[in-house]
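In this document, chain identifiers A, B, C, D, E, F, G and H correspond to the written order of the chains, with residue numbering beginning at 1 in each.
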Amino acid sequence: MSMSSSIHNQFLLFRDLLDDYHDRRERLIKASRDITNISKKTIFLLHRLALEAQDASARVDASKIGLKKLTEVQELYADMRDELAGDQYWRYERQVSPGLQEYIEALSFAHFLEHGGLITYEQVQATLCGADGIAFFPLTISDYLLGVSDLTGELMRFAISGFGRPGGRTRALETCIFVRNCKSDFERFTPYVWELHKKQVVTAQSLSKIEDAAYTAVVRTSEFDLPAEMLDDIVNQTVLI
Amino acid sequence: MSMSSSIHNQFLLFRDLLDDYHDRRERLIKASRDITNISKKTIFLLHRLALEAQDASARVDASKIGLKKLTEVQELYADMRDELAGDQYWRYERQVSPGLQEYIEALSFAHFLEHGGLITYEQVQATLCGADGIAFFPLTISDYLLGVSDLTGELMRFAISGFGRPGGRTRALETCIFVRNCKSDFERFTPYVWELHKKQVVTAQSLSKIEDAAYTAVVRTSEFDLPAEMLDDIVNQTVLI
Amino acid sequence: MDSQTLANLHQLLDQESDLREKIRDQVNDFDKKTRILVGILSKIHSTRSESIPSLIQTARPVLYSCSETIVELASLIPPNQFWRWKDMWCNSLRTAVFAAALFEYLTNGILISLESTSNVLGMQDRWKDRVNLSAEDYLHGLITMVNELSRLAVNAVILGDFEQPLKISAFVKDIFSGFSMLNLKNDTLRRRFDSLKYDVKKIEEVVYDVSLRKLVSKDSSFQAVKPTSNES
Amino acid sequence: MDSQTLANLHQLLDQESDLREKIRDQVNDFDKKTRILVGILSKIHSTRSESIPSLIQTARPVLYSCSETIVELASLIPPNQFWRWKDMWCNSLRTAVFAAALFEYLTNGILISLESTSNVLGMQDRWKDRVNLSAEDYLHGLITMVNELSRLAVNAVILGDFEQPLKISAFVKDIFSGFSMLNLKNDTLRRRFDSLKYDVKKIEEVVYDVSLRKLVSKDSSFQAVKPTSNES
Amino acid sequence: MDSQTLANLHQLLDQESDLREKIRDQVNDFDKKTRILVGILSKIHSTRSESIPSLIQTARPVLYSCSETIVELASLIPPNQFWRWKDMWCNSLRTAVFAAALFEYLTNGILISLESTSNVLGMQDRWKDRVNLSAEDYLHGLITMVNELSRLAVNAVILGDFEQPLKISAFVKDIFSGFSMLNLKNDTLRRRFDSLKYDVKKIEEVVYDVSLRKLVSKDSSFQAVKPTSNES
Amino acid sequence: MDSQTLANLHQLLDQESDLREKIRDQVNDFDKKTRILVGILSKIHSTRSESIPSLIQTARPVLYSCSETIVELASLIPPNQFWRWKDMWCNSLRTAVFAAALFEYLTNGILISLESTSNVLGMQDRWKDRVNLSAEDYLHGLITMVNELSRLAVNAVILGDFEQPLKISAFVKDIFSGFSMLNLKNDTLRRRFDSLKYDVKKIEEVVYDVSLRKLVSKDSSFQAVKPTSNES
Amino acid sequence: MDSQTLANLHQLLDQESDLREKIRDQVNDFDKKTRILVGILSKIHSTRSESIPSLIQTARPVLYSCSETIVELASLIPPNQFWRWKDMWCNSLRTAVFAAALFEYLTNGILISLESTSNVLGMQDRWKDRVNLSAEDYLHGLITMVNELSRLAVNAVILGDFEQPLKISAFVKDIFSGFSMLNLKNDTLRRRFDSLKYDVKKIEEVVYDVSLRKLVSKDSSFQAVKPTSNES
Amino acid sequence: MDSQTLANLHQLLDQESDLREKIRDQVNDFDKKTRILVGILSKIHSTRSESIPSLIQTARPVLYSCSETIVELASLIPPNQFWRWKDMWCNSLRTAVFAAALFEYLTNGILISLESTSNVLGMQDRWKDRVNLSAEDYLHGLITMVNELSRLAVNAVILGDFEQPLKISAFVKDIFSGFSMLNLKNDTLRRRFDSLKYDVKKIEEVVYDVSLRKLVSKDSSFQAVKPTSNES
């Protein structure tokens, strides 16, 4: 089977190109799985620490520990930098996105514990830069929005778990307002980012659960003619006896 | 939050157990992806070599090269041996199966090229043993059947591609009979191995394609009162002119 | 395939298929026992504290009889194949763990360990590659217990027992802290752990109600709520 | 989110959305051009060899006009975002590749290289991070050409041209060997490569038919089949 | 196909198609009646106990009229084909069972039996191969009733009736423990049984709320959690 | 195909394709507006009663701006083709209906009629073959409003407003019993009607909580469950 | 809901439901007629050319009887609601178009226009807001005809008619190149257009087979691949 | 629930559950037999005509053994419950019908009737309320046979038997035109009927190939396309 050598060479080149593409894709998928795992573990860690944290400064400490753990993710992204250089990021976006969104979820949870607010797009991008200040890859608004949208689910768990702890009822109310604002703010982005629709449905469910919890607290407190804090103190004393 | 230390210790142990389980699962998933990739590349390699092979001995050589490439897979399984020791294999069966079936597909293709027949269950298991003769893990009949069932798809490609090559028509007829026997033999296993049902549907499609190809050859040859080989020769001379 | 190969594969598959049937029979049996257990235990919601011990006494033989089924399973499962078949009986096993854990709490007020549960269920170390109690099944059993305890907190108050919710609260918080230490995936355990949070919350609400009422109506007639009839 | 942040994100998303609209307009235009190309090229099946050059002459300006659209696209796409948007125009681009490759075969009887195709389509190296011809799109274009050539082999015989199938056979076998060198995944390219096998087979059948008939009826009247009217 | 076979098949398929149409008409009718029933019964949530009897009086003729539709169905269905067609009317039938069971509870405070329900709906034993009340449909009807009673417990309290939740609690627990004994393999029934658990819990919480606030006499409160008497 | 037929078909299909593009642009615009509306309206849950009017004041211009899009749509749609294109904008339209209905409830405490909603959205009778408000879309909008009101009942209590749930309860029950009368064959509407049942239950539970704790006067509480007067 | 609104909605939904039933009856009737048509037309594959006219004669009354059903439909559909209901009868209508187009080809060898088809089916311009023949349905009917003609090409050869494939080839290529010009965004139409390609190829192969074997005169063979004359 | 009701329900559900297990065992057995049948019958494609009888001889005992399973099923199913359980075995039954129909064609060249199939499978009239062969299952079996025959036409040619395709063509067209007359509302049957069209086409193409190449006598070829006699 003789083939003109120029055709042969061209197809040899294609073979290398395709093999390189598939190999790189595999490496990025694997790295992305690792990133997802670290991020999920960080979220559990943050829940654990936040639950034990009695006050704001303890929550700041919790956040710091979580952020430290997330530097492992940042290192992985630094390693992937060359694979994603130039126009390559967009070629592998679908492989990189899932892990990235999980990372953003974890990062925004840590940020919330420290600042009580939503991490900005610029702040997320800033964590994905080398020492030279150059971004490892461009952060899409879509990944940012989808990542922080997942935060609302974790905040629901945070609010429910903390319910019986000192100050938990107040925190549930605060979280309720924060999540409600998220839902309201994200709403107008849904025409632009298709998957955000589904996430908003989940956010609505989480919000409803937080509202129900806050409602329960208010209803019970309202039955007595005493300030909520005083009622809390009474309960705590009874339990301690 | 005080917790009895025995409970605490017990949950610490659970944490390690679960982390270990998830980490090992990840490692096996990654190894399985690698195995799938090597196996797929081997199948392409075998097609390439088989297409160029002019006679049986060239096909045996092709098979040898493919089998050599598959030792990479065997090494990966040797590395996984400890992870899958004792009762652990069954815990991770679902992670290991897809790659294993792809490997069996590649292996049975190489075997077919060399021997013209179906690799046996024992022969497959034998490739997955250490130097000590001990199996890395137990091979399920289900993985064996599902792996060799995929072979029929590759044989269809093999038969169609080889159609215009010297001897291709005869080989298409042989392959047709082989695949038909596979389908017939596997049929009675379908009540035992659920996924085999779907594979049989694919096998039926492949078989139909091979039959159509063989049919075309027969119909054209039948129009002339000369033996098929002589007709082939005539065609080859015309093409070469 | 030559007919010998065919026959061999066939025989192996038939053996597997037979084994599955035999396991299924045992699991049906196991299932029947745990259904009876659940039936008896559902009475705790209408039983006064003092009668709980005798209720447990009734249930204990049923729980112990589970170990017979487990022995049967252990003799059926081939070596090293624990993980292959365990899904078939894990629902029943989790229910048995739930019962054992609830017994322990109601009797001694403490959390049963995985090891003790194994013992109660008659698991033997030499079978552990065939039948054993995995951490996952143990944890599922505990969550089922907490689900039940949150109902018990409510019903105890109806029966006039204001201490039980406080005890339950302390006990369940410990378990909750234990679960918080784990890194879970998005699987059933994670989903059930999320449900556990609601149980804890419900129990806290009962504690809240009870505490405030205790103080507001110090020497309240609540204390006096006692049924007229004596039941065992 | 404060209103500034909201506004910023909004603006960015609106820009993206605008860009998509503009690209879509260009793609519609590209699509229209390639549809015309396909229309003209479908006439090869009813055109005698000698009139093929003039047929191609008619089509060439349409093909060249594609480069104008490509220039427009290149000016729209932001740096490094080639892979982000390419799916929008890849169907049109593959059709253009198909046309360029078919022209080359019909004119010179050889396979056009990726580089030449790029040139024909007016791709410029300094844009390659915005618009370029990827190997994948090039390969898809070649397969479409082979699909068409297997029809041409049949129709050439109807028109009395018994050499064309032989030429096509040799040409296509080379391409097929090239494709065989690639390691494909279970994606569209693999599926289309499978289809290519059937084209090769079809062409072989025509070669078989023609070869036998040529020999069987040596000085056959086939050779004489000539249409009466001359068309350009 | 010989023309006899064909004619037979033709007739069979046409008959089936006609029959389906006729059944559909009856089912539409049945559906209309049960929709009216549900409409009337939904008023129990805003009706004081003393007016419940007259509300039921209004609904009873509608319930009885269902038996007319059932007679029609029985005359349509060919012998032995009960199981072939029953899915078409099972929703309506379950709603009728629900109504019958709710009537019985509100009137006599007891659970209607499957047999009595059959009678109320005018089922006749000699039709049982064409139309009858299956255990499954009966149980579905009961679950719907419990769903409604958990709402009634809440609404009774709003209307100032603190005894009703206790009665409901005792009644529902009895049903619930009955269900717990059953070996429900059936998927839908199993899933709906899970919904029963939520109803029981909800009703317990209502009883808890009124007990905690001493809104009922101690005696009745105690009854609510202790429906079955002589068990250990 | 003769060239006239072809040219006609060509034109028809091109017009259709252009029209679809233009409608899509308007629908995108409509969608953006309704998303902004939903964003603003979600703030009612954290707004005290007294500030609701000013919140609505902010949202009203956005709602009114929808009528501009509707005018545009009406000018695009060819005569008689309402049913051909309506699916493209029905989601946005239903959201707009939801907003209009919620405004009406929050402002005047009454249910907006289909006709008034048409007016608010700027529908004109002379377009009814091109753009109009169908019963189905109106009903979908109402269900969305009820879904929102059940959350509002909860959130009003959080803000210390115990009367709102009672008002909502009376309002929603009225709508619910209206829906119950309708013969909903339509599958989506039927399924969403089922969601109404949950909303009604949820609101009843809120009314229960505030009644039980005497956070509202007995009278208003009674009103909430007794909207229709002369029955039983 | 006030009772007027409710009554209106009720009536609207009931009317819709009734109308759907009535349309379904007509569509069943339409369907029966087109099934008979298809039955008769399927005989073309075993009928020699000379008997085709009398076969068509048998079928023509059935085709004309379709217009009666169409009149009925036009009287049922409310003004402007063509697009609302058309999906219900579009399958039958497309089959009728197929029959009309096939008649025309077999009788006169030409392509029926959309307008003539409308006339054959008795469509009236003054109903066009209720019932009309859309371009889409017309095109679907044509594709079905081509599918049938590719079978006819094969069967004609079996019956010894070697000219028919050539005629079909010329006729179908004309249609095919017409379709190629169209901008088919519509998904089903696009997919069915792909099936056309296979038909064209199949027909070409039949022409190839008969040409190769010199079963037709050179002239006609040449015609088959050169249907359009004056293009470059 | 009173204990009698409960006990009855318990027994009913347990019986049902046991019965299901027993039926499943029989169905598994049935399935194994039919898989063996299919395995043997797939050899017809590589068996020369003269050896077909002995191949059928091998398979016949397996087919007859199916009747034993059917007897078992008939003894398990309670009176009147045919339609309740039939779905469990319908796949196996259809395969058995397929085998019986294929035997009949290969042996006698004719279509087996529904009644004969019933007899072959050992169905007894006195069981018809428990086990019988429905028209639907019979038709499914026939379609499977036609699917197989279209492959047999191809494979017979490979084995050098050019007459078989003609016989198959006549036989299948007869069945096809029978099916065309039926009013198939049933969705699955309708969809599978569509697959028949492909089979008919495929077989026609085989007949075409052998006719074109004069591999069969003109007469038999003509018969293949001309099964029905007195038509115009």
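Criterion: a contact is a pair of C-beta atoms (placed from the backbone, for glycine too) under 8 Å apart; a residue touches a chain by one contact, two chains touch by 3 or more.
From a predicted model like this one, the values you see are computed outputs, not experimental measurements.
> Please state, in steps, how far chain G lies from chain A along the shortest route of touching chains.
Graph distance in the chain contact network comes out at 2.
> Name the chain pair with more contacting C-beta pairs, choosing from B-H and B-C.
Result: the pair with more contacts is B-C.
> So the centre of each chain is just the mean of its C-alpha atoms; given that, what is the distance between chain C and chain F in Å?
Computed from C-alpha means, the inter-chain centre distance equals 47 Å.
> Averaging only over C-alpha atoms, locate the centres of chain B and chain E and give their separation in whole Å.
56
> Go ahead and note the Å separation of the Cα centroids belonging to chain E and chain H.
Result: the chain centres lie 43 Å from each other.
> Can you give the whole-Å distance between the Cα centres of chain A and chain C?
So the centre of chain A lies 34 Å away from the centre of chain C.
> Enumerate the residues of chain F that touch no fewer than two other chains.
Residue numbers touching two or more other chains: 181, 183.
> Which chain A residues sit where two or more other chains touch them?
If we look for residues of chain A contacting two or more partner chains, we find 1, 22, 185, 188.
> So which chains actually touch one another? I want all the pairs, not just one.
All chain pairs meeting the touch criterion are A-B, A-C, A-D, A-F, B-C, B-D, B-H, C-E, D-G, E-F, E-H, F-G, G-H.
> Hey, which residues of chain C end up touching chain A in the complex?
Touch list, chain C to chain A: 166, 169-170, 173, 176-177, 180-185, 194, 197-198, 200-201, 203-205, 207-212, 214-216.
> Residue numbers of chain E touching chain F in their complex, please.
The contact residues of chain E facing chain F are 32, 35, 38-39, 42-43, 45-47, 51-52, 54-55, 58, 151, 154-155, 157-160, 206, 209-210, 213.
> Which stretch or stretches of chain B touch chain A in the complex?
That would be residues 1, 22, 26, 29-30, 33-34, 37, 52 of chain B.
> Show which residues of chain A lie in contact with chain F when the two form their complex.
173, 176-177, 180, 183-185, 187-188, 190-191, 208, 211-212, 214-215, 218-219, 222-223
> For a test of understanding, state which residues of chain D touch chain A in their complex under the given definition.
The contact residues of chain D facing chain A are 1, 5-6, 8-10, 12-14, 16-17, 80-84, 110-111, 113-114, 129-130, 135, 139, 173-175, 177-179, 181-185.
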